[in-house]
């Protein structure tokens, strides 16, 4: 989908190496899990880890090996049904809510499936003259797998963080850098800004279509909102006063008796939160996370400020400290001018989700290295808290 | 909220005349109804006509009479509870789903309530020197009532159109002008366009903040999509092929077994639709209506085109034929730059809905005269079909 | 609806007189209603009063006039669809939840329908030699209408008692006789008792099949449980201790936050309840009412006693003071030995409900005169509170 | 889990041997499972196998070891929360629907828990003079575990039988004896029969209270309804004609598009069903199974017959061929005369379920040896199909 026009002759080994490295990282994310942790689906939007392992493998089997490696033998024809996702063009989907009911294929079966596909991919990627189409599909497949690496971490956190035993994932999982001590605002002048992907590396179709956007003068906070600041909002009754909330957000607060970000627990009058290291006291200087868009917008309203648009963010990002948290924006996830869905199953990749979701910019601690960039558009429904979401203020 | 700086001395009578005329029009919309038609609420998003009658009256009582007419006697203190809407700042709301269960106050009670408030308003509006604040509130109240006039008509259509007897509202209700014979595209050049309200008449807070938007070159169809064209889409299997649909739209189609716009019935192999005149054969040359945003977007995808953004629409509108149907746009309903919620209860008017909704532009047959304008921003959830919604194509 | 004042003791005039009297009583029950009260359905198990008026009329039209009066002209063929109930054999049903959405036919339409059918029935019932089959159908139709008279009162109470204005039905509606001052137990010896209808008057098919039931020795309280006694249970924490409750009952208490019988409101620390006269303080000496089977069973468990079986009740009833409240029994609603469903649509009358319901014996203040008897079997799901249900203890 | 091979006939070794044997059988039922199969809960009424393993162990820990073995060390205090069931008196319950979301404790953890408890129980049961109270609790615990053995098999069948891969549990699992070739009816005279448990062995509290029941003359079929006979009902349109169904049953058929017993699949026009051996063609001579009470009652109505009451069954059982299938009866699950709940947590054992369920008599292939008897009362809601339920006709 992008063209890599490098003239160096080392390209084919590079694809194989990239493939091996990415695939290995997925497995290493799962290393601390018990077999049982791979299976469960505590809520519809979380997928069982074993499904992620199978689905990312199915992607290579379906879009690369079956059409392009003639001697490839399908591992198990029923896996197409089990590990398909939202790609309606390929076949019937497993209803998402059913994923947590499937004890088979077992975790061992799925690791064998990965091994089977990895061996075939190694064979294919060793070809001396890899067609450009395959190169592009491999790159897409690896970026797809990187997206699932992040989902794996968020889903694992949800699974363990909703177990009454609150088991740690990794006792020595690193803490987020906590340096939110001084906040200032950068001023951006009114201007026409260039928005969208430019360059020769990989990008998703939703970033494509570099175009001009006119922005009035604005200011963005250089720091994300801290846990301490958010706690102030809570203690000021932020969850009890409808005037800070959108109508849908207020319904959500009342229906779910929301009173704190996800994973927060008040124990003996002190706030704790579940982290991948287990239960810990909250850290006031850390950026607040696991907030929904509704919470982000309510906090901003309480401050008399607002969330930035995705265009304001992209224009100012080179001057910002970003990357620890995904940042909710005030932009709905909609197509850029001249956006065109690719034909066929891959064409469904992003376009079909362009309704009812809000854009997030930046990256989080869970984002794979090099997976994010200034033009990357992440997107979730405004109710979602289980990603590492944070808040940046604009005015 | 707007300033009427006319120097003519006839202003006060004008307010009273405007008031009387608008209030009378509401009553005349209800004239063909049976008492029973005022009561029912067949679905959550439809309000019983008697609720509309009471709620618009409550607005004048609560925001104008009680604070500004010292000798005013509240008609019934419990009505504040019954006829409040979404104005959280004023008091507890009646859950919307309950509105259809309330046989009391009766229709007669509510007409007495209107009469009581109208007499008090007449007194107030006869004051020789009406403070500007009251003038603004009256104007807002009348615009609010005009919005409810349109909702009254759409809700009445829904109530009668979902009754198994399919009773007509008015046998001689005029048909929409049907002149969609020749379609062409107007070309708009790339440019910075001015968007948002400019002028001295009334406008809603969501139109405020005139600002520049840069648009690349685009083309808009001069005509709305006809019923005949939409029927082609249906007959080409448009409702059966997921590839034209957004993911959420496809779920909606499948969960609700959608296969046509709202009010369409296939009788003896011929498509009919319910109109305010009763059941009629569909008219191929009329603009298609009662489509959801999902249907509008799917039709556009099938055509290889797209919906316009609200900015493209506003910039081109002076050159378009518009006004028979609300037109779905590809813009989410979000605040304009520098949008600020007004303080207090009235501040909730529009801002709290700025999430999960899509913008519609134009006006429909049900829109009160002079209620719409180039900068007017209507908004509904993408699933909604019960407004007179239509489709305009862009490319 | 005419009255036949003939003094002759012959049968045909008697049927006509009975018909006129019963039909008139239905109309008189509705006399205090506003038009709007006829329309609403605040909950699925309540039917709008106008539906009761239409449905009881439809019964005579469908089962008597159309098959037996050759010159009869159907009032409106669509009414068969609108006013059919659970009689699957006759045609498609209106989903019960939809009944409250139907503004048409209007109340006036339905009274005209009643008049049309009453005139035709008067003609038929004036025949000199009425076939026995018709006599039986008329009797069944009138008993059916009497059942709906009781439902009309309970449904009207529910509609008005759930309106925030709590409007009275009739300011001078008589209070239940309140004489629960002294309770004693009657002892019944172990024996074979005869159960089921015996005689020549009307009975429902579910009472048929007089048969022997062996009962061990038991005691029944001569009085129903008083409001004072029930209040003691409430104040002793009865709604907060699962040990008195069946598992399903405890779920019901928790899911619905039950803490009192239906219609009870605590106002300024004093318990009130809605009656047909409006809101009143509870009366401690009155039999408690509007309790579910779960509440009745929990109260009995708290007392260390139990509810009687329907057989114990029937055997002891001649010695009991009964008739103010329906009495929950510990018997499930199941067929008597040799119960046979009548063929055809009328055969569905009772048998199809013989699962998931509990038997109530006795009669209530809302039961039409002469409609109840020792062998009468009323039945509702254990969750229901909107009938005039009470509690009698056994041990 | 050790075996006590003492040859002495004294009581304590016998309890220890019984304990060891029963506990071992539970483990052997799980032997064919993969770790993942222990975890999932595809529907609310099915529990994950690992929950059954933990819960039965928790029973011994909570009711025997903690109160009666002073030196006992609780394995993990949080397990009380995780493995508690419906015993409200002991503590907060895990909501049943959550059981399938718990990846921890792991299967290994739970087997260690079993081992820990088994060792402590072995110690306790080796005491020379075991108090009678402990003997009774052990017997109750083992009968409780036997009930869960049957549930384990039905739940495992559900889990594997709802996996798209339809994996077999055990390729050589024995088939049900299939000898339904000739049916006849035994005649039972009208009489007073003795009902309820008599003897000195173990029984559940719901069987207690032997009492007389008068039964009119009746006939019971000596054979259960065969698969062939049920197929006739299906082919005669039994699932399409409401007249055979109770109202609630007909709702169930329509809402769930029921057209066959559970586990039946039509493949290439031939009916197959999932068995513990995997997918097989149905066997016409086998008793039909996996039918709900609604289906059993509808089949009987189609035949012009009925289901027996539990009393008719118990009185005739010595003359019947029974034990392959649980048999739905026409009796609701209600207390016998003089039924008294035991005080404390164990008192909740059966009594709290005595509403909204129907009695089944007999035993199934999955019932542990010696676990059923003539007076045993099994009970489930009428909608349930996942037990090995069958049909016997009465007239």
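Odds and ends about this structure:
The chains carry the letters A, B, C and D, assigned in the order they are written, with residues numbered from 1 in each.
As a working rule, a residue touches a chain if its C-beta (ideal position, glycine included) is under 8 Å from a C-beta of that chain, and two chains touch if they have at least 3 such contacts.
Just so we're clear, the structure is a prediction, and the values are computed from it rather than from any experiment.
Chain centres computed from CA atoms place C at the largest separation from chain A.
Note: centroid distance chain C to chain D, computed from Cα atoms, is 38 Å. Averaging Cα coordinates per chain places chain A and chain C 59 Å apart. Separation between the centroids of chain A and chain D, computed from CA atoms only, is 46 Å.
Counting partner chains per residue, chain B has no residue touching two or more of them. Taken pair by pair, the chains that touch are A-B, A-D, B-C, C-D. Residue ranges on chain B touching chain C, taken from their complex, read 34-42, 50, 78, 81-82, 94, 98, 100-107, 159-160, 162-165, 167. Looking at the complex, you find that chain C touches chain D at residues 86, 88-89, 192, 211-214, 216, 218, 242-243, 245-250, 293-294, 297, 301, 306, 330-332, 334-335, 337-338, 347-348, 351-356, 358, 382.
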